[in-house]
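In what comes next, chain A is part of two complexes: it sits with chain B in the first one and with chain C in the second one.
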Partner chain A sequence: MNKNVTRALWAGLLCLLALAPFVVGTVEISAFQKVVYLSVAVMSLNVLTGFNGQASIGHSAFMGIAAYFTALAVQSHGWSYWAALPASILVAALVGALAGVPALRIRGMNLALVTLGLGMVFPQLPIRFTEETGGTQGMPVDEPLAAPAFLNVSDVAWRYWVLLALAALVFWLVRNFRASRVGRAVIAIRDQPIAAHTAGVNVAATKIAVFAVSAGMAGLAGWMFTVANQFVSPSDFTVLVSINLLLGMAIGGSGTLAGPVIGAVFLHYIPEAVNGTGIDPVLTPALYGLILILVVYFLPGGAAGGLAQLSARFAASRRSPDEPGQAPPSTPRLTSSTSHP
Partner chain B sequence: MPRLSVEELELSFGGIRALNKLSFAVAEGELCALVGPNGAGKSSVFNCITGLYRPSAGRVVFDGRDLLRLPAHRVAAQGVARTFQNLALFPRLTVLENVLLGGHLNERPGPLACALHLPRHRRAERALRAQADEVLALTGLESLAGNPASGLPYGTLKRVELARALMSRPRLLLLDEPAAGLPHGEVGELGDLIARIRAELGISIVLVEHHMGMVMSISDKVVVLNLGRRICEGTPEEVSRDPEVIAAYLGEAA
Partner chain C sequence: MTPRPKLMLAAALGAAGLLTTACGGSAVSDSSNASGQGSGLARGCPDNGTTGLTDTTIKLGLSQPLSGPYVSVGGQLYGMQAYFAYVNSQGGIQGPDGRKRKVELVYKDDAYTATKAKANVDQLVNRDKVFALLGQFGTAGNLAARPIIAQQCVPSLFATTGAPELANPKYPWAIAGSISYATEGRILGQYVRDKHPNATVAVLEQDDDLGRAYLQGFEQAIAGSGVKVVATQTFEAGEPDVKNQITTLAATKADLYFNVASGLTGLQALNHVHASGWRPEVIQVAQLPVTLLRRLQPGAGDRLITGGTGPDFANPEVAAGNEEFQLYMQWFRKTPGADKIDPLSASQGWFQGRLLDWTVRHATTMDRVGVMESARSIDYTGPSFTLPGIKIHTTPDDPHLFEGMQLNRFDAAKGRLVPLGEVIDIDGQVKYEPVS
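Right after this comes the complex of A and B.
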């Protein structure tokens, strides 16, 4: 698609979303908030897994660490949300960097298992420290992120705008990074680590840095979670949440820019839609599974990949017939399957 | 002083001695061919030079510096670039992006400059783009810059890999069987391209290749390996007359 058209579309979408509080009610805005922090969470996973090829089933833990950090800082220690913002991101990023160290030695399934361990351990921590965190009961945060008085807008609208602005910022950063020297190196490591290494990419350092950045982004989603809900509990950050993020990434399109946003919309609205049809909600996971299988089978690039193909086809059909259109690429193997170079 | 000198390299895999006290040297601007039967250890030499394999003994001295203590990305920083016997491209990047990655160390805006789209990043990206355009023109890939690297013909992909290696503006270029798998008509063209690269850029090249016609016509020097040992070294004419070479290699393989 034309670069300017894409840019205009995104800007238009952002404007529409920003105007939403004037049009729709509080219930819808709460739902939008959830989609926004889910977008950031799926984007964080996409940077690690989609772009860099490192698997994680532990992103719920990075989110949870930052969400609990924020809740404790604001509720028990009198911090402002704004002070907790950089601090909670930093804490999540630090834990992410530590988690990235074993990822240098192990890969694929085993890395997934290590992060799975992280995801499983995290919900136990608040229970272990029940006195401070309320344990399984969860922990409410009394103070809201209040709108500045001079703006004269509702707190709900203000929170939504803050979340939306931060998410848009993250999206822009990811987009810039994708089209840069560092982004290319990150993707090169995913596709051909040995070739990347001999081309001068410090593979080990990059992988740890990506782990830290991704965890920090998940931490931002965690901060957003606490801002939006003013409540945290261990059940908000179970492994199931991580798996949902993976699902959102796969369905939206892993390794794409728009995919995580589409995935987040899916994650929030499909269960709602299922409820609406009167199907037993117990069947939602089965439905997810079915959709996932269909997407992996028919749309390996996810929804975003499918859209890109469609628009490429559209552009090609509008071109004069003698000009070669960029057919959607088939993917022959570029790399040998032997393990040594 | 030679640009590259490989001294007494020893490398084993289990019981297999892949390299056995292997030595050879490459002068500045020289095109040195490394030939030998399958399993002779040619790719292993490249893997030792570029820091992917750790030989148990020996030295690899490049411009007076021992490369064996450096990790692969630091070897690249010294000015060594290579291609792989089996293609190792980044399939989901475009041809241009593959080539740009070869220039990873040419310009070095950090992650923050990149993510924030700072002027420093934009300047670097423009400079890289100009360098990539030159390399794409040299390798005849201009018209394919925007194509995804997957789905192109094998011979083209081999040239993309060559372009990626050239992008780093190396002082030593290691080519591992660049003509393997090419249709017969393209082999001569590739030989011309390699000769031109050497002439125009004045870099040292080590060429591993089974196509004897190409080796004999463009090399200054030929080093013949068998079972990890150097069995002969000399000009193409000298080597092709050597009885041991004829017995060990040309006799059975050609």
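Right after this comes the complex of A and C.
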């Protein structure tokens, strides 16, 4: 029953979002596109950190690799975006698998530092190859992902739908993956690596696979980035972006499905809101910091975790006598991104 | 049955987003790609030439860093606000239709991120409906936002970047407000060619589009002369130390050292050159302001030549003797928030405002095409922060606003720039070329 409601809600949300281009203007749809690719990016980190307990401050690099790959393939080599889609994901996943190798030996903060190196080095790469990438001034992609003519819709709306559909697919896959045997193994490695090993889980292979999958998802977000912006520059993939993704995950709630969506909404709309209030924008990072501290202190499970708790209380107080045994909605155990040993 | 609030929230957020932001036509039938009528600049433009204008106001937009690591470079906003406060106090900017319009400036923070700048420009143009952009900041931000500008035919005036790419004739709706890096390189090269016709030059170059633009201009100017580049070393922006490169360059014992480096790396390179015992004449790109040059180690700035377009306002005597600068300071001090901003870096914003004023006043028609055509035929001789002899001049085929510089010798003892010879102005000689 509960499951059906959840499904209905996700479906409703998806319908609403899918219908959005009929109601709102291009500026809002562009913002929605950003929220969509940020959701996928936060989700990619969530798979790694929230489910598997491995930290990464290098996801901006995976995004950047795929975004630049797409931009170069489309702009300089005449590929279509569709051809670049699987290739860019694959490239990001391969780099991710390599980056995952040190994760077999090191964990927690040390692993975070290794990935931090990746995140810091990446923006230098396009600058190194200025002839191909335009260097610091970035690289525009002239060709848009155009809507098929027979649909008679604007390119903006079409791109948004493409992004939304892919994001929905990713979320659906993650949901199924979490409930699968492999998914349970992944979560077991996070919570009890030794026990998981004892129970027959191949910890090493699983960890590297999760790293690759997560990087591939970040790569998808990178492809979406290029589709949405038709522009890439080193300033868009600094290590600050990785930190923002972590922030989005912590605020939204790690280890959940709704968390990345909430996190992405937060990442996009809070700076906008700050801009609107007349507070000095210099304070935006300080505001982020304050919100993060408050969230970690009062809502260790993030917004999604907090809401789930609220829902559980609500359900308990409304529990009718003929349903004495109804359990509170099942919520995955929530883990803060930095609490792993 | 217990609905899951987190999902309800997500749904509610989505719905709220839909309802609250519904304005200005739907995205699905976005017609911004549709080509309108018109010729020349107006070819393919939508019919929106007077968007952002009323009989009494003109709305301008700007996206620049107001937060993040590059916040300190964004002082121009305060200079601009000072100018618009001044001009609004006089009734506003007079247009060709005889009406005076007060300026409303809408500004947004992009934290120096290109795609954020693009999103901001999208909002400024399509939601805030600004008439034009002024002083759009940063090379990458300008390039990212260029398709929006081109599609909607919005004048992007006097953008704060020296990237040669802004002069690309394929995109006539944007015009740069700073001297192009390639032009500066060329002027420096011309000086070397004239003064040291048989010199050997060692070059340290920042390994990106900025460094390449400088070097490209420099090499064009010395081509065919006896000046010879004997060694070039590169460094990555953000590299902690350039000592190895300098050691290699010092071994050439070249007559001249061309320092295509800015900020602290630039300073460090000059100190290393001095420490190596090599005593070349130093040609320094203008990215290293006097305030930084003063921090050179004793002796390191002794034979240093650098160019500039304006008087040395860091010198109090020069500042006191310049009427325009005094007027600027008077209004700048009244600008909220300006107390934290360096008035010298913010003065660019004042001049951008001044030039916009001129451009609107001299437009043939009070619409976007009229103003853009005016910006592409500037012949400005009014008050400015530019040295006499440097033309402020554009033509439809030559959108470079400045193509002149005064070369200066750095007087390390007094910490000042001393003019060296006449202004070199190569107006009309600079053609658009992609940096390669």
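Definition applied: the second predicted complex is superposed on the first by the 318 of 341 C-alpha atoms of A that agree within 3 Å, B and C clash if a C-alpha of one lies under 4 Å from a C-alpha of the other, contacts with A are read in each partner's own complex, and residues count from 1 in each chain.
Just so we're on the same page, contacts are C-beta pairs under 8 Å (C-beta built on N, C-alpha and C of every residue); 3 or more make two chains touch, one makes a residue touch a chain.
Because the structure is a prediction, the values reported are computed rather than measured.
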Which of chain B and chain C A:L13 touches, first, second, both or neither: second
Contacts of A:N2 with chain B and chain C, given as first, second, both or neither: second
Chain A: partner with more touched residues, chain B or chain C: C
Touched partner set for A:D236, first chain B, second chain C, both or neither: second
Contacts of A:A149 with chain B and chain C, given as first, second, both or neither: neither
Partner chain in contact with A:M109 - chain B first, chain C second, else both or neither: neither
Overlap of chain C and chain B interfaces on chain A (superposed complexes): 326, 329
Residues on chain B engaged by chain A in the complex (per definition of touch): 43, 47, 50-52, 71-73, 75-77, 81-82, 84-93, 97, 100-102, 104-105, 107-111, 114-117, 121, 124-125, 128, 146-151, 157, 164, 168
Chain A residues touching chain B - in the complex, by the definition given at the top: 173-174, 176-177, 180-185, 187-188, 191-192, 194-203, 209, 213, 255, 326, 329-332, 334-336, 338, 340-341
Residues of chain C that touch chain A when the two form their complex: 1-11, 13-15, 17-19, 21-33, 66-68, 71, 108-109, 112-115, 118-119, 122-123, 126-127, 139-140, 143-144, 146-147, 163, 165, 207-210, 212, 236-238, 337, 436
Touch list for chain A against partner chain C, complex: 1-2, 5-6, 9-10, 12-13, 16-17, 19-32, 34, 124, 127-128, 130-131, 134-138, 140, 153-157, 160, 225, 229-231, 233, 235-236, 240, 256, 258, 261-262, 265, 271, 275, 280-285, 303-304, 307-308, 310-311, 314-315, 318, 326, 329
